[in-house]
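When the chains are written out, they are named A, B, C, D and E in that same order, and each has its own residue count from 1.
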Amino acid sequence: MNSVGDGQLTFQFSAAERVEQILSQYPDKRSATLPLLHLAQEQVGYLTSAAIETVAELVEVHPGEIMDTVSFYTMFYTKPKGRNHIQVCQTLSCSLNGADSLVDHISEKYKIAPGEVSQDGKISLVKVECLGSCDTAPVIRINDSYYEGMTVEKFDKIVESF
Amino acid sequence: MAVFKPILTRYIHRKDSHTLSGYKNVGGYKALEKMFKTMAPDEVIEEVKASNLRGRGGAGFPTGVKWGFIPKDSQKPTYLICNADEGEPGTFKDRLLLSKAPHMMLEGMIISSFAIDCHLAFIYIRGEFYQEYKVLEKAVEEAYAANFLGKDILGSGFDLDVVIHRGAGAYICGEEMGLIESLEGKRGWPRIKPPFPAVEGYLMCPTIVNNVETLACLPHILNRGADWFKSIGSEKGSGPKLYCISGRVNNPGVYEEPLGILLTDLIFKRGRGLIDGRELKAVFPGGSSSAILRADEIDGLQMDFDSLSAAKTMLGSAGVIVMDETVDMVSVCLNIARFYEHESCGQCTPCREGTTWLVKILNRIYQGKGSLNDIDMIFEITDNIGGLIDPEASGGSFGKTICPFGEAVAWPIRSFVEKFEEEFIAYVEKGVDVS
Amino acid sequence: MPLIKIDDREIEVEKGITVLQAATAEGIEIPYYCYHPALSIVGSCRMCLVEIEGMPKLQVSCNTSIGELPPERKKDGKYDMIVRTQTEIVKRERENVLEFLLLNHPLDCPVCDQAGECFLQDYSYKYGRAHSRFLEEKRVRKNEYLGSNVIINHNRCIMCTRCVRFTREISGTNELFVQARGDNSKISIFEDKSLDNLLAGNVIDICPVGALLSTDYIHKNRFWNLEEKKSICTDCSVGCNILVYSQNNRIFRINARENHSVNGYFICDIGRYGFHRYEDAEKVTSPLIRSDGGFKPISWEGALKEIYEQFSRSKDGEKHQIVGIASPFHTNESLFMFGRLMDNIFKDKSIIGKLPFIEDYEIHFDSGFRISKDRSPNRQGLLDFCLNLEDEILQKVKTGKVRLCYALDDGVDRKLDEEWESFFKSQRFLVVQTYAMTPLAKLAHLILPGPSPMEREGTMTNDQGRIQWLKPSVSLTNKTRPDWEIIMEFMNTVGKRELKYSSVNEVNLEMGERFPSYRGMTFFKIGYQGLPKKNIATSRPSEGGQAGNTVT
Amino acid sequence: MATVVKSYEPTFRDKLYIPALFQGLMLTFKHMFKKKVTIQYPDEKHVPPEGYRGLHRLNKYPDGRIRCVACEMCAAACPAHCIHIVPEPSPWEEGKERYPVRFDIDLLRCIFCGFCEMACPEKAIELTEIYDFADYSREGLWIDKAGLLEIYELTKTQNYYTVPNDE
Amino acid sequence: MDLIGFIIICIKVVVVFAATMLAVMGMIYAERRISAFIQHRLGPNRVGPKGLFQPLADGLKFLMKEDIIPAAVNKPLYLLAPAMLLIPALMTFAVIPFGSSLTLFGRQISLQVADINIGVLYILALTSVGVYGIVLAGWSSNSKYPLLGGLRSSAQLISYELAMGLAIVAIVLMTGSLRLNDIVTSQQGHLFSWYVFKQPVAFLIFLIAVYAETNRLPFDLAEAEQELVGGYHTEYSSMKFAMFFMAEYANMITAAALTVTLFFGGWDIPFVDEAAMGNWGALLSGIAFILKTAFFLFLYIWVRWTFPRFRYDQLMNLGWKVMLPLALLNIFITGGILTIIS
């Protein structure tokens, strides 16, 4: 058994027409699972069990199967993450170009270990595998944006803007 | 040979290269018009076959041949999936195309769909590429507006819908069967073959999965003919190829060159040599899944599918990762192993258990607690996961997992230990404690 | 028909079957974990790799189907495929896969219920290496409940996903899924959606290792202590084929037995755990006679004498003096004897009735598995053998005239409604043949101890008209006697017959003589798999005779 | 091919038998003065040689948990079928999840072969060097779990396994 | 005979009887201890000092034990048999001289219960009677093993009695008298006047025959525990069984005493004139007799724990084919030599 956060008991998509649109573009309902999960995650910030059940209802499968899918992908979170979700690439090119020291810097700065959320809920940090921007290593991804060719100084400057 | 002018990336430096108007200005969607007017689907397939276009996703399978596998008498709909789930470490060429030349790819998709009689195509884009997704979404909208997509495209009577599907962070979904499963809304566990996707793929219907770069080549083939395309590059592989250079080079990035360019040229001419003029130590020629090459092995090595196979590595996605003399190979090896452990889908036994085991052993060696026996164990474990690099020497002892992930784990790690054994031994003997 | 060669053996096989199926049918062992004949093929365990001539890689035999080659491309001029299962590479491969499977396996066979019937054990012993080369810490996870009857031990799990596929493909309930990926993957359920469907117990059966455990059986016994008996389930009229495991006449568990004409590979949980009802029931082990408000034991001779006395008070020529209540829970043989007793001995003095049939809702699974609406196992047999069955017996019979009421009891959980209760209460002399103190038995004047469903022997006819042998799983104890024998004694006592059947088979023969649709029915003909009633006359012994084994 | 074996031809001296008789007598006479092997049992106790297989015991962990996991390997290995175990889920939080709720050995059936000891994967059952456990009744020689644990308490300080008990 | 003479005889009878019974007990103890020693054991050492009272304990045990008389036995004969065996065994001792004569209160008292002139014949006769005890026991038990034991015993006794008698005849030839006292006196003088030296062959035959007569190993075929489960006394228990035992040991004592008397000069101490030493001489001669007898008793035990039992056919072969011709030859030679000398 797994616990899926402690979110609300019910979940409803706020963008109903978007849901309809997503469902309509696939030949079968099940295929809409991933877009719907993305949509749900955008709405709440992570996937509550209520959200998973809602998606399951929409695509007409057992919530277990949705959970199966959710747990497979790293971009789906079943626990709350920070408002600024910092993902540091740690794969080869980035690692060669100093991603590790960047991680250390962020951990120290916010007193969080990779995989944790800061106490005020502002920042969360994870180490991720290749983000596909190796020419501008090291790369970090904060929420949905890439920040390339990072250095410690550059990072500090970026976070100031939040 | 004439000086090669970039084909795919020729106009990407323009600010509006990603818009419909920008693309049309440089001759975009011409091929489409030509095709609808003059060609039948079979002719398109023949043309692509004749162009000797090989898949740019990694395996290098001839694209036209792949299309030909679709059963002719099938009653089921056919699907095309554009594989934009680029996750290979050291590879970022598709991202460039997606953000700078989405219409080129869309045109390729329409051509391909027409050839295989597909009316619903998907673009499976990596979940992390949110900005690119937005660009692409825009491009698709524009294409719909201009009737390049939708019903009765350009009055040809051909319908095509394109759906952009975002992944959610799984390297294995770049494998075509994993991708199809993921598209179906399931976990990205690759299905066992046969049946091949061209027969039973998405929703058990015939499905073609093509890489972004492959699709982007199609308009050019149709525009300028198969013979022109064939003339680019060496005999062993034709067409332009996007090479990615990253790691310890002065000028990392994506460079378009014909297939068969020398690796040294790539590193020293296009990549402008190594940072601080350091000595080259090793290089991955085709992303982290290819076997590593030592500096003394790359002289005169051509970057095409067959030459690299002969050198017991592979072109893969042409993601060249360069390592200089200061790089610690054990930590690089551990880094790669950790990547594969994290991305192993966990379906087949050897890969699920073996990757974890490898990381544990490498970690121990890295922490200076290894033994010489561990080095032998790495050889054995990699062989057990993915088989030997050399198919002849392995005597059929490869292909131990459902998908090629097993080999993708085994070969680079094995090559590390094989080619830099002395560094591993040094770790073991000195008990180097990095922490 | 393609001709293939597996390890120097030429086999002609059906087109389209897999190498694994061909080899298994021929008795060549190819080890496997994730393959199950009833489930879809995933080919993930990699145990069944074999070498096939002309293929560059080793092939998973579970997913390699055999086709026919054009004559010019035949291997060695005549074979469509040449498979080798015993080469060095294949052996090494098996050894390696087993090594991987055992990396994180706790090797706790001593506490594992699967020990003795575990494929991990068997194959490790046959194909594995003797020593572990894994120096690292093993992954340890806690046991979890998947459902009220199923526990998972994650440490033993080899991720064959048979259970997941079972819930998706057979039960269609989808509760189980794989959580996370790679090394972290484990079988899981979604929050409160636990594995509690009617087929849940089957995942324990199909688990090739000891990961899925039954709460009902966990730590109760060891496999090799148990005696395995092939029988059929009597909890509904489908008549699922089962294997009953017992030790010292105590039943420990019931597993499904393969029978493609009846239940496939699975049974429902009603039948799987149903034996507890018989075990827990208050057993009747000796003839009992009512005295002073209670019952006291009496000898068989005494009981029969009592019956004769009651019977002899009946007068000739008066109708409905003797009431027989038949039961669809009994075997064909017992019902045949009962019908004979009523029709031939009591003749027009008698009338046969029955309690209302037990009916529940019918359950159908998409995979074709079903639980019948008719929850009495042998309604068809009852209708076949008790020809003058009177439906409206309550109305027909004026209880004042009845001298003797002889009732075969239904199952242990049979309840009586008021009408029936008052009917039985008003009987002058009620003889009940039962194995437990059911509500009906409590009203009796004389109780005759018969066998419980697990002790019965004879044939049953299911709702599809298929005749199957109910074999005793445990032996009769104390003074209980087989049902047909009790009825025979009854006939001998009151009808002054001299019947001396020594076994159920003799009753069976006699039954065939009198009921042509059952003619020629012997155990050798029907076998452990049963036969449709209409095929009995035409089939030869070999067709039904072979015994089926469970594939797990 | 038959092998011809020459039989010993007795000499005259042999045939007389008298010297042989004397030889025999002298032999037994000499033995009368050899050291006696008798052990005065209740006063002196016999010390069995290493590896002697006597009464069984059931070992425990230092924290008092019983080592046995009721796997019944000993019962399976026992050629005399003298071990009877009833398993149950163990009451302890940590450790193995199964334990014997009953563990009986019929000492009258037992042949003290030590197979149980060899079969035990947990080093739970062990044969001690106790050999004097006669009793007046059959019931008295039916040793149960409590008895076996008591014997462990008596002989705790010793390890009778030939392989060192490392855990 | 006067009253005093009668009293003296009575005393002698009592003394001899008591001594014999005591000796029997001693023998039982000795047998157990010596056999233990030969087998590197200690033997009984718990009852009394060094276990000396063990025979008492044994006797007590026999007395206390339940006396079982099987239903099928011939009761009178069954009861008679042990007595039939024991009484002749004790009676034999009457004629054996166990010392030179004692002079007390002016009376010369010969250390012999009854000095009869046909002592040798008396002995032969009584030993022959003893066999009836065994045969009766075997027969009356009405059981297979005892019967076999009885049969074996009778055949054995007949076979060896002959050889024994013939061996004694050689002595009688040399002595010229059947009186045991005469035989003893004729051996007085120096060591080599003992008949063992004059008649070695006769001695050997006699010794062997005596072992057979007393049913001792290696000739205990009548008892043969391994084959006949005790033979003739299988069905006996308690004191009756003890009587067989006592009889056996009494027989042994008598036989040993007889051997000493016939071949080892009886109570004679070589080179010593006991008569000249008066009462001291008598005492010495008594001790000498006891010691000599003790040696032969020891020999019995020694032999028992050294040699295995004969097979029945071997026993018969030895008796009839070896000993009997040898004894006859011996008489012939003895007679011849005596004729030549005289």
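Going forward, contacts are C-beta pairs under 8 Å (C-beta built on N, C-alpha and C of every residue); 3 or more make two chains touch, one makes a residue touch a chain.
Just so we're clear, the structure is a prediction, and the values are computed from it rather than from any experiment.
K.L.:
In how few steps can one go from chain A to chain E if every step must land on a touching chain?
P.N.:
3
K.L.:
Most remote chain relative to chain C, going by C-alpha centroids?
P.N.:
Using the mean of the C-alpha atoms as each chain's centre, the farthest one from chain C is E.
K.L.:
Please give the pair of chains with the highest number of C-beta contact pairs.
P.N.:
A-B
K.L.:
Please identify the chain lying most centrally, where each chain is represented by the average of its Cα atoms.
P.N.:
Ranked by how close its C-alpha centre lies to the overall one, first comes C.
K.L.:
Which integer distance in Å separates the CA centroid of chain D from that of chain E?
P.N.:
Inter-chain centre distance comes to 49 Å.
K.L.:
Taking each chain's centre as its mean C-alpha position, how far apart are chain B and chain D in Å?
P.N.:
70
K.L.:
Using mean CA coordinates as chain centres, what's the gap between chain A and chain B in Å?
P.N.:
For chain A versus chain B, the centre distance works out to 24 Å.
K.L.:
Can you check how far apart chain B and chain C are, centre to centre, with Cα atoms defining each centre and the answer in Å?
P.N.:
Inter-chain centre distance comes to 54 Å.
K.L.:
For chain D, which residues are shared contacts with two or more other chains?
P.N.:
Expected reply: no residues.
K.L.:
Got the chain A residues that touch at least 2 other chains?
P.N.:
If we look for residues of chain A contacting two or more partner chains, we find 61, 65, 68, 71-72.
K.L.:
Give me the residue numbers in chain B that touch at least two other chains, ranges are fine.
P.N.:
Residues 170, 187, 189, 342-343, 345 of chain B each touch two or more of the other chains.
K.L.:
Which chain pairs here would you call touching?
P.N.:
Final set of chain pairs in contact is A-B, A-C, B-C, C-D, D-E.
K.L.:
Hey, which residues of chain C end up touching chain D in the complex?
P.N.:
Those residues of chain C that touch chain D are 108-111, 115, 143, 218-222, 224-225.
K.L.:
Within their complex, state which residues of chain B touch chain A.
P.N.:
It is residues 77, 86-92, 94-95, 120, 126-131, 161, 163, 165-171, 182-189, 203, 244-248, 252-254, 284, 288, 319, 321, 323, 327, 332, 335-336, 339, 342-343, 345 of chain B that touch chain A.
K.L.:
Can you check the complex and tell me which residues of chain D touch chain E?
P.N.:
Chain D reaches chain E through residues 18, 21, 24-25, 27-29, 31-38, 40.
K.L.:
In the complex of these two chains, what residues of chain A are touching chain C?
P.N.:
1-4, 49, 52, 61-68, 71-72
K.L.:
Considering only the defined contacts, which chain E positions touch chain D in the complex?
P.N.:
Residues 34, 36-42, 204, 302-303, 305-307.
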